[in-house]
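Once you scroll down, you'll see the structures, which are given as structure tokens.
Common to both upcoming complexes is chain A, partnered first by chain B, then by chain C.
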Partner chain A sequence: MSSTSDLQQQDLSLYSDNTPISQKTLSPNYNSLNLLLNSQSNKPTWLITSLIESCLFDTNYINKFTNNPENSAYTIASPRSHVVFASFINGSRVYSKLFKKYLKLDIESHQFHSQAHVKGSLQTLKRGKQTNGFQFISFLEDGFENWFDTLINKLEQLRKGTKENRKKINLFLENPELVLYLQDQSPSHQQREATNELLSKLTQLNQLANVFIVSSSDKQLLDWSSELNNDLSLIHSDFLLKLVHKSDLIVQLKALTTGRADDVTGELKVSRGCLDLTSSIGVDASEKEYIYLANKEGAIKLFYR
Partner chain B sequence: MSATLASSTVLLNRILTLKENSPFILALDTVVQSSQYLTKEFIYKVTNSTASQKPNIVYLSFETTNVPTYASEFIPLLGLTLPQIKEKVKLNLSQKTLIIVDSFNYIKDTELSQFLQLLISPNTIIYGTYHLSVPSVKSVDNPNKPSLLTKLQFIATTIFDIKPLSIDDDEQLDYLISNLDFPIGSSNQPVFQANVVYRRKSGRSLIYKFSIDSNTHEYNIVQNDQEQADTQDDQELLDGLTTFNLTTTQKQKLVKDQVELPYLEAQHSLGSVGGAIVYEFEKDDDYDEDDPYEDPF
Partner chain C sequence: MSFRKRSEIVKTVPGGATGNDNDSSSQSARPRQPPLQRSSFRPAVPGRATGPSSSAHPVNPLTANRFTPQIRPRGPVSVPGRNPVPSSINNPRINSPAAQSPNSASSQSSQLLNSHPGIKPSIITSQPCTSTGSNDLDLILAHQGLPVGHSLLIEETGTTDFSSTLAKLFLAQGVVHNRIDPAHLNTHEILVGFDQTWVKSLPGVYKGSSRERKKLAVKERESKVSVSNILDQQNQRTPEQEKSQAQNPQQSNMKIAWRYGLQKQQKKGADNDTGVSSQYPHYNNQFDITSTLLPAAGSYDLTPVPLAPSSFKQTIQQIESIIKRYKDRLIRIVIPLFLNPVIYGDYSSSEILQFVYKLRSLLSNN
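Now for the complex of A and B:
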């Protein structure tokens, strides 16, 4: 195989109109569900940042060493679409460097980082008149007991706040399956009910916004031959496969199947979800395979496979 | 044979336009090829049917978020218990109704019969999906009880087993599902394969394999090409076995096929004689009139 230095860099396109976030997905008539699946060795931090940038500013920092979204027609006060990013496993610190460098946003400041408590989040929104296009919530830092109420309130507030010129909301949820693991898993039928309850909540959120669910797809977590009904891999497979059947688009980050390489960090694969996006909004997933290289500074280079 | 092939596509058309008597249609799908495209085709056929009375379409949703435009009634059921579902699903069964269930995976196997009782009537046609790739729940109390899938397959009058057109090998399909590997250009395509089992009232099952194009609405029967594959395999086995050339070229095969074998010639002129052994003398034959071994007949 030739080295990546010989290959031509490619822009990330998830949709058939050669965009990472198609304008058609931002139409008010249809809310899409997208899955960003990753393995343990290939974290999607850069991909989430890049997609959030596209949602906010319609620019993309991939393949660039310096990026200035301020040149975009959109600003954080008047973005292309709203973004709420809620993480169950990471704090804002994990993303702050990338956001500062490429999106020029300090997500650790109170302006963007709202408290997860219902009451607190509402107050934050009322106080912050600037109605920022971006909000970061960390359930890891603030507790996940009221996660659903927090998010639903947040989305409804955003919908109210922009009534006259309503913009689409994109909700990024990082590893919501953690809610399932943190519950008492004893009887099997209760376990399935818990999974269905989580899916029901995600559906309610999806009725208000486009949802991007970040989840793990490691081989060890995908096993449904288990005899134990409360086996973690069975719970995860049940949750994930039901989500796949609800999804419009699937992006997978995987380690190289051929082993490790100095100039390749992993593979990125874009595939259609189980739903027919073309007949719903007139744009299809752009099915492609890429390889990518992430350097120490967080710059990403993308190549066709 | 051609009559059977023609009638199979007619039968499929009749099932999809609801003209054939099949009150419970089950679609089995996987993450590699979902039933969405079959549903799309089904709705196209039902709404464009020449039937005088168009059915009412009721959508019972466990996993669909966006309300489909074709549904006259959309009832979200995810997260509800059976009594709540009973409360919510109030159907007007006086007119012909197509009920779409998306999907049966969310129903407990102990509650299936009660759920179906809500829906079944002489005027309803149930079209439901069951995802084969979602793990099924094993009953801890009765591990030997039939699974939800077995029960559904038993009740269904038509079963569509949906697969990608380019992947016919079940083992390969299982591998792709278990690794969540969606082959580019082969998974979730508008053209797909459906193995259809249609159960007649008499109890006889008709089994066909179709390729369905949901864009052009064309159906073709997929021929069983096992024999052809076998002969190809034989050729491949001979390749590289020795340094000698044991295979035949296309030209050689053609010439070989054109050779007229003697028995074919004999059938032309003497076919009417039946099973008798016929011997025709030729000019160089040595015929001895006093041959002691001559056949007396």
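Now for the complex of A and C:
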């Protein structure tokens, strides 16, 4: 059997025009909803970083040991498109090293880290410089109680700023389903209503920006046979199934089905969502399967499966 | 045109080094030139102490002034008309960017991370790490410890209870760190769900096998100066031993030297195994789970946080207040037997997740 060292490295392309983020998805006419699914053993940190880089600078650090987005035609003050990254599960510490290394962004500085903990007010949000194309919000650090208001305010502000330049906003939401888990226990029909409410909020956000939702797809979380009314697997399955029907593109990271290997970290599968993207913006998802290798320094190599 | 070997030319240079100064045969064959002539060819290196050979001969004041400039002592120099330089400028820790930042909490935490004897950087990511109390677990974690600000979930299936042993090792390591310097307590631990009685059975530091410990105890007893010890020593000496000692007085010393040699060898082996252990001698200890840590962990080492009967909110509030109280110390939180139905009552899944989420939030913010 051949190892990854014999294979040719491939660039990441999610769309039919062989780009990770197609220019057509950044058109103002249509806002796409994309789903990035991952398992517990295959974290999507590198994929998120790579997609953010494509959104901001139109470059990609995959298959490269060193990366300098400063060589790009875009800068953080004048990016390709704006990016707001909001994580429900991770703090800035998780991403700071990777962002510093490959995007040259220090998210722990006040310049990028939008403090939303004081009731999510506009005053605190203004602390982040409006000229920056990137904003990082951690609801783990700041509290998630007013997450929706915070994000709506942020997007509205950016839309005002970008009206002249016509720059698209990309919103990355990491594990928003935690909102459902952390709600107080309620009967099953109320729980379903809560899921619908969350989905309607995500739709509202999608009306203002391209949304990338990062969520878990572990087998343990996808179980319809549970007898308990408020089982987490039921809530998660319900949420994910409804989300799949609203999505344009699905990218899934999972472990190797054959077991563990030294030269392969996991599989990456790109597939179409339930919505037809071609009729909306004229570009389709390119359905492919890759295998990837992440080394200790955070460098990623990608190969066709 | 004649060709000569380079060594011959070098040898003919007055005072030139032959390339092998220690060669006694060459020294005996040729008279050695005085070092003064050599010093005139080569300038003295500033800052270096002059060797005994140069100090034995008079130094030419002209060449000495030319080649050895006067070196000013390092440190703050007072310049007339200027304010004196503050003494803190020479202290790298005070001068660090963290200390200059207005946020005193971050500077306090960075100071703690720099000065804590139980913290060392990860060998992979350079993140500050602390030991789990078990050297083997540290090695499994790849960072050689648990990165500060992170959590570790130990899942155990079956009827065994090894997780409690690991939890006790973690606690014991924190207590040992805290007692390194009694004047400056550096660690505080929070035990969730149990009271102080659970802590009484923490494992003690490994002090060798039982035989070694017995030997040590006997040695200690014998080393004490008492009338009975001196009498015993005199009685134990046979005439033959006294005779042999009189003939060879260095025999006993040799025995001690041999033992020291063994100890050094053992130390060398240990250093090779652990790599940077000599740089961080207090990072981790080896514990003996059959022994008990004495004196037991007290309120200055550890605070137990009991579980509230129906909600985790009070527990989280208590943990938060303890963290605030001991801001200048490394906090180690232990939750043994989490969600064991014997200890944990009827909590809903959302309550448990909220508790874990708040804990994660505390870890990332502190």
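Heads up, the rule we're going with is that the second predicted complex is superposed on the first by the 293 of 305 C-alpha atoms of A that agree within 3 Å, B and C clash if a C-alpha of one lies under 4 Å from a C-alpha of the other, contacts with A are read in each partner's own complex, and residues count from 1 in each chain.
By definition in this document, contacts are C-beta pairs under 8 Å (C-beta built on N, C-alpha and C of every residue); 3 or more make two chains touch, one makes a residue touch a chain.
The shown structure was predicted, so the numbers you read here are calculated from the model rather than taken from an experiment.
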{"item": "Combined model on chain A where chain B meets chain C, clash or fit", "value": "fit"}
{"item": "Contact breadth on chain A, by residue count: chain C or chain B", "value": "B"}
{"item": "Where the C-alpha centre of chain A sits as vertex, the angle toward chain B and chain C in the overlay (nearest 10 degrees)", "value": "140"}
{"item": "Which superposed partner A:Asn230 touches (first chain B, second chain C, both, neither)", "value": "second"}
{"item": "Touched partner set for A:Arg93, first chain B, second chain C, both or neither", "value": "second"}
{"item": "Touched partner set for A:Asp262, first chain B, second chain C, both or neither", "value": "neither"}
{"item": "Touched partner set for A:Asp6, first chain B, second chain C, both or neither", "value": "neither"}
{"item": "First (chain B), second (chain C), both or neither touched by A:Tyr181", "value": "second"}
{"item": "Chain B versus chain C as contact partner of A:Leu37, first or second or both or neither", "value": "first"}
{"item": "Least C-alpha distance (whole Å) that remains between chain C and chain B when both complexes are overlaid", "value": "19"}
{"item": "Contact set on chain A toward chain B in their complex", "value": "30-31, 33, 37, 188-189, 192, 196-197, 199-200, 203, 206-207, 217, 219, 222-224, 227, 229, 234, 237-238, 240-242, 244-246, 250, 252, 269, 271-276, 279-280, 287-289"}
{"item": "Residues of chain C touching chain A in the complex", "value": "124-125, 149, 348-351, 353-354, 357, 360-361, 364-365"}
{"item": "Contact set on chain A toward chain C in their complex", "value": "89, 91, 93, 97, 138, 140-141, 143, 178, 181-185, 230-232, 296"}
{"item": "Parts of chain B lying in touch with chain A, wherever the complex brings them together", "value": "29, 31, 34, 36-37, 40, 63-66, 76, 78-79, 103, 105-106, 108, 131, 133-135, 137-138, 140, 178-180, 182, 184-185, 187-188, 190"}
